[in-house]
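The structure that follows is given in the form of structure tokens.
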């Protein structure tokens, strides 16, 4: 029996803070208390520091290829990078090829995971691209039992990832029946493709053209459509990387109507505006992520929704395309550059620096949006994202005075650049524990565990009181196994 | 040193649930843990039960007179009733008479409190009716230091409670400067008064006329005005007893824009519709509360906002006007009946029965809306509304199988009727502890402490990033003492 | 030279009314005046009557086959029916088969028109179903020069009429470049198809299931999408048969933002609610049109938008599927019944009876929504829909006292039923003139002209002040040839 | 009998344009036609020119004193200025002093009118400031019979013009009963007064502070309140000088719900942004009008609403405070400068130049917003604002090539400055006729008639289909005398 005691810190949860010791036995938190009088194998002194749950990043790309460009990270490098920033739980994406049986796709993803084992367990979402064959739909409904309790859909990128509304419907129906969550990349793909084609035909191919081909209306339309289909199917739905106020509006309206809709944004949307596209040379090309950085002013609207209502999570949408590859493609025009930006390592620090230290968020909201809520939404509510009796002892000792400047050269991802290069942040992890064991201490990896697949639980959403559009009666309430706020 | 151990229950907080023991020493929770191996003076077995924080009702009238009709409760009877239902924290209102110095009003309220001591501490809001004399504004700004960290304003009831927008502004400015919360009764008083006068002039005086004189638009308009003034002054603002979707709309929009606005509803709006006014005789007169019960359909919108976004708290707006008095006044027409309904005792049970057991809310949301969020909003975040290390040991052992039928005859309030008469609820408190001491056990008051005034802390709201309308620069972030989610 | 004088009537236009004589020479109105002192070949006494422009119905199906069921009308019967009700201008639809060259489709339509010549000229919209082959896009851009200045798109009916967003984009771009108007049937086809399939799979096949498979959200989503694409492309866009408040919301918002969006509703949405589906036997099957009749209450919202803001036109969506055919199909389930309802003949009477005579609309608004605005939107502003110097002398003498009861047996369409059977209307045409020649007098066809194709003009929309999403500069204002409110 | 023939022009109305001659007999238009073959006493050649109705400005201050500063114009100078710009109908305001009987106020206004007779008839709105005494309400209801069919209310300027919501209600009820229109200056007075007081207390008194004391939210709130009270009372309501998108939102929503609400903006809001407050010296002080000029971007939203939906009229809010007086007051701080800007003379030219010539509006929309709609809304629909048989022969021959540069030195108002100084406009009146008589020709006043009071008719609004909030049944439709689109 291994016993770890974290002593003297201020525990911060999503709803409060208090000075308390934390005792973990065999990887699980078993007690919280004032001056706990217990024996332990390992005692960490958290005096003067915050004790927060390990960060949960539900949107990070590790194994990915975009238009022929492979990502530069593997599971080992990605989880190592995350851990250095205090994030102890990642979720990657398993992409279905067109027509590919889903179990085959999952097997391939898991094989890759086993090849370069991560230092923390990694969960995975199933990215659905083709449900034409009815067997696929059945395979999809079998995923949650295998620990894959979230499905990803793209409304953008026609010809590769984009699905039509019929596929959205089938995926949402599968989710609604099985307790999975549907993640939606909400941009209108055909409109964007047409705007790109019109721009290219007119000889406009520089990176500054990128945002003009993805105006806010293309995002807002797709969000509205996703939210409507969520309403009609009853599927729990999660809009990824919301970038602007126009896209927020249908989300907020849906939440107020009781639709089971959730949304995230990312640091690049909170911190960067479209002036990035006016930067010289490759600097502008670093801003080729989608949706694009928005005009100045939109960032504050996202902060307001994150503090008020509308946004629930800050993820990274970490996209591991190496700088050299981006530069090579930039010569062929903005439309050929792989979309995405890295960000795994700095998430907690950036939100603390620009959210908490500026007064936009409280410490509790920071913990909630970066740890607690993503864990609950994605079927980890009983284990991750909380410093609570019964939860996994994934803990971060956060030193509010630790100061560093973000430098790509010092990152643990292999991407080789950062859109936040040169930004100084105060506050960072002095120690990161996973299952009660130190993993990173004072910026050094002190252990190199070989971890694997993170099995997640289904989460059953709000049950509608009113009969659905099909007129059927709602099911028996007694059968309801769990909800997003429940822990067994 | 008194040590109480609650053993074997499932602790439910706003964000999760887990089997854990709770140890309280001298009235404060000092440890939560699996099978805590500690000594205790008193051990309660919570096996098979939930352990939740004591309920917090931020909107309950005890000392009140309405149009010459005094309330039937005193502090002893009101807190006894609340405790029987699992509510251990009440907040009453201190009404300023026109022109009255606020310290004088507060002293009178505190004297009344001392005269019939409550069984649990009682907080108080200052109801502002007149700030014409500039000394009043200074007195108001001095209130938070005396533990009165919330101010109440009426936009309804011209001639008695209603204040004009200039007074709203001054009150909000005082709140914004001192960390107080501004509660607003949002109905357009002059419009309602005109509609009542027109109805009475036309000889329409039955109780069924009441809702036609307070249409949803009168509520929505006043909410919009309150929210706008909150935005302009930066005051943390709380809209009381929201009754319908039209009134929700401006609240939701404001939250998404980052305005520091919060809102409550009450069981009468969640459970009753305007068919109550078609009931015979005095039954219809029981429905004379304001805003009125709304058309069928509106109730579900409130539930949706409570689960989704828009509503944060369920309070009671308990109004202690005895049935006999109501009947006497009914003879003079609906406009003469004191507005309000009782409800102190049944709040937790009703929301559990019609919210949790129907699947509209999770257990965690029930705890959040009835205990945790009201405590945090009203300056009690560090002490009340949470089962957490460092919090007051106000605990409810909740038996999910306990069943009873609501009967006015069995209530502990002296009002003598209930708008929920005859409704059967499953789930209720088997034991209620205050400061670690049993107060109610199996429906019996087992202690009769003489408690007093509940001193509350100021809570500083979100600080705006954008310069305010006056164009000034935002203040130093360093000076920010506390926020609604912070515990010292 | 043929000279017709209509003497002594009250001329009603979209903006006013006045007693005036109307003189037409060779089919064109050449003078309006008090007691015109002129010679004429023919003098009609309009004393005690209104003189209004001939009705313009921009949405009427004549040549159509739906799921194998051909329409029962031909151009002669359809225009005869319309003329009896005071409508002197119809527009039908030319459906492109998948892959079919558009000139071929148009030629076939014109051949059919020539085969059964109408009694009034008939315009035609090009219904686009497939632009995969780039030649189709070029053919589409050539249509306006041939007098086909409006394109129709379906977002419903996957597998037959439905187009994807890429096709919407190409069509809108073609329209924006050539001054055509894009008409959109806005319902989310895949969602509806899934709801139908789910219902059928559950054995729910009665006509009462029809509205549950097309809930308002499916309409609202598609309208929002159409409006967004209109905004992005700059195409003048017209939403057909708006049926409910949810679908109105994005239209109203778009209009206020200056998007060039217009919308119509039809008498079946203004007058019928979903209680039609509770009628026995074939009566319920008469209600199988799409969108379906909506819940009670929605009708009044449409009237309000028609009088206030949001709806511009009342058309019929006349669908000529004979009752016998509907009954035959009803045995196979609601999903097999051809969608649509007849209505060509009664439009002006129904809107007059239930709009003007109830006070919901003024006489001027009735003329505007049924005659003037449809003429202007569809490229006939200089010739139709107005009693003005220079316009075609299509005139209706309207007797406000003429009373009749709608009976399918007396209709001039061959459909054989009416959803308004038995409704009594007061006010109707006593004489209908086309090009100054009497066509219908006292309910009798007094002439049987052989008319043909109605050539319509392009209409250039509002030019955006702000650069479009592509960032380009707006074109020279000087080049602007005509707008929807301009007459050459 | 005097006969005037305007020959060869292109007549532009609100709904179309056509080449037509216009014949006026004894001041009334009696015929429109192609090549009218009639005798006339006077023939004007309008070849190459537009013929439009004389402009109608429903919001112009002539007789006014603001904070002790009297206006510089009298009725002769004001109407002369207007006529030079093509405006032949003005409406001024009669201000009730507190407690003053309304007939007394009207008599004083009419005496002043008689003293300096205008060159065109002038209508008047009754500005209500005090209905405390019930006799005032009776007097108000008697106004429409005296030709005063519009009432003005201020929600701004507490202590002088501002009325409380009870007075708004009484005024709206009086209007609803008598067919009057309620004009509302919608800004929240107490909020603005507090912001001004806070600014002054902080020593911020320069003109650049003005807009910060009247942020858009103060306007949006008051508009929402006005619209709500209009909905509840059923009064036809007209929001004056809308300045920004935030204020438009509740208007658009109300229109779509069928509320009888209308709105205007003015050239200063369409053309100027808040950079005016950064101009040096007195230039910034010229921008002290209320609401203030708004940030860049808002202007385009107003244009869009004017072309699309939301705004119905362009008036001037002409405020005749002489420049010298403004400069004198500026030394005492922005809060002491009389609010308002002049603009009577340039309205038609400015909207033509920046609206029509840029493609934002069609010629028809220009005529509609500046002539036709204001005439109809304010009870002049049968006589003014239209080139139609039966209307007054107030005609403007508009030369589209006439070019001039706006110079205060050349204005006919006595104000002595223009906020549009130096702007060049193309298009202007070459001749202005009133009652068929030339008044201004080629920029010269050719007649000096002594005109007087313009008697206006009541206009009964849309009758609600749904019972009002009081639950009463709607009245008989038959009794409805007239609507805003009707001409007798």
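In order of appearance the chains are A, B, C and D, and numbering begins at 1 in each one.
Going forward, a residue touches a chain if its C-beta (ideal position, glycine included) is under 8 Å from a C-beta of that chain, and two chains touch if they have at least 3 such contacts.
Treat the numbers as computed from the prediction; the structure is a model and nothing was measured.
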Using the touch definition from the top, what's the fewest steps needed to get from subunit A to subunit C?
1
Taking CA centroids for every chain, report which one is farthest away from subunit C.
B
Rounded to a whole Å, what is the gap between the Cα centroids of subunit B and subunit C?
55
Subunit A and subunit B, separation of their C-alpha mean positions in angstrom:
36
If you average the CA atoms of subunit B and of subunit D, how far apart do the two points sit, in angstrom?
49
Show the residues in subunit B shared as contacts by 2 or more other chains, in ascending order.
none
If two chains touch, include that pair; go through all of them.
A-B, A-C, B-D, C-D
Once bound in the complex, which stretches of subunit B touch subunit D?
158, 164-166, 168-170, 173, 188-191, 193-195, 198-199, 202, 204, 209, 212-213, 215, 217-218, 220-221, 224-225, 228-229, 231-232, 469-471
Touching subunit A in the complex: which residues of subunit B?
11, 13-20, 23, 30-34, 36, 248-249, 252-260, 300-301, 303-305, 307-310, 357-360, 362-365, 372, 376, 381-382, 386, 388-391, 462-463, 465-466, 477, 480, 483-487
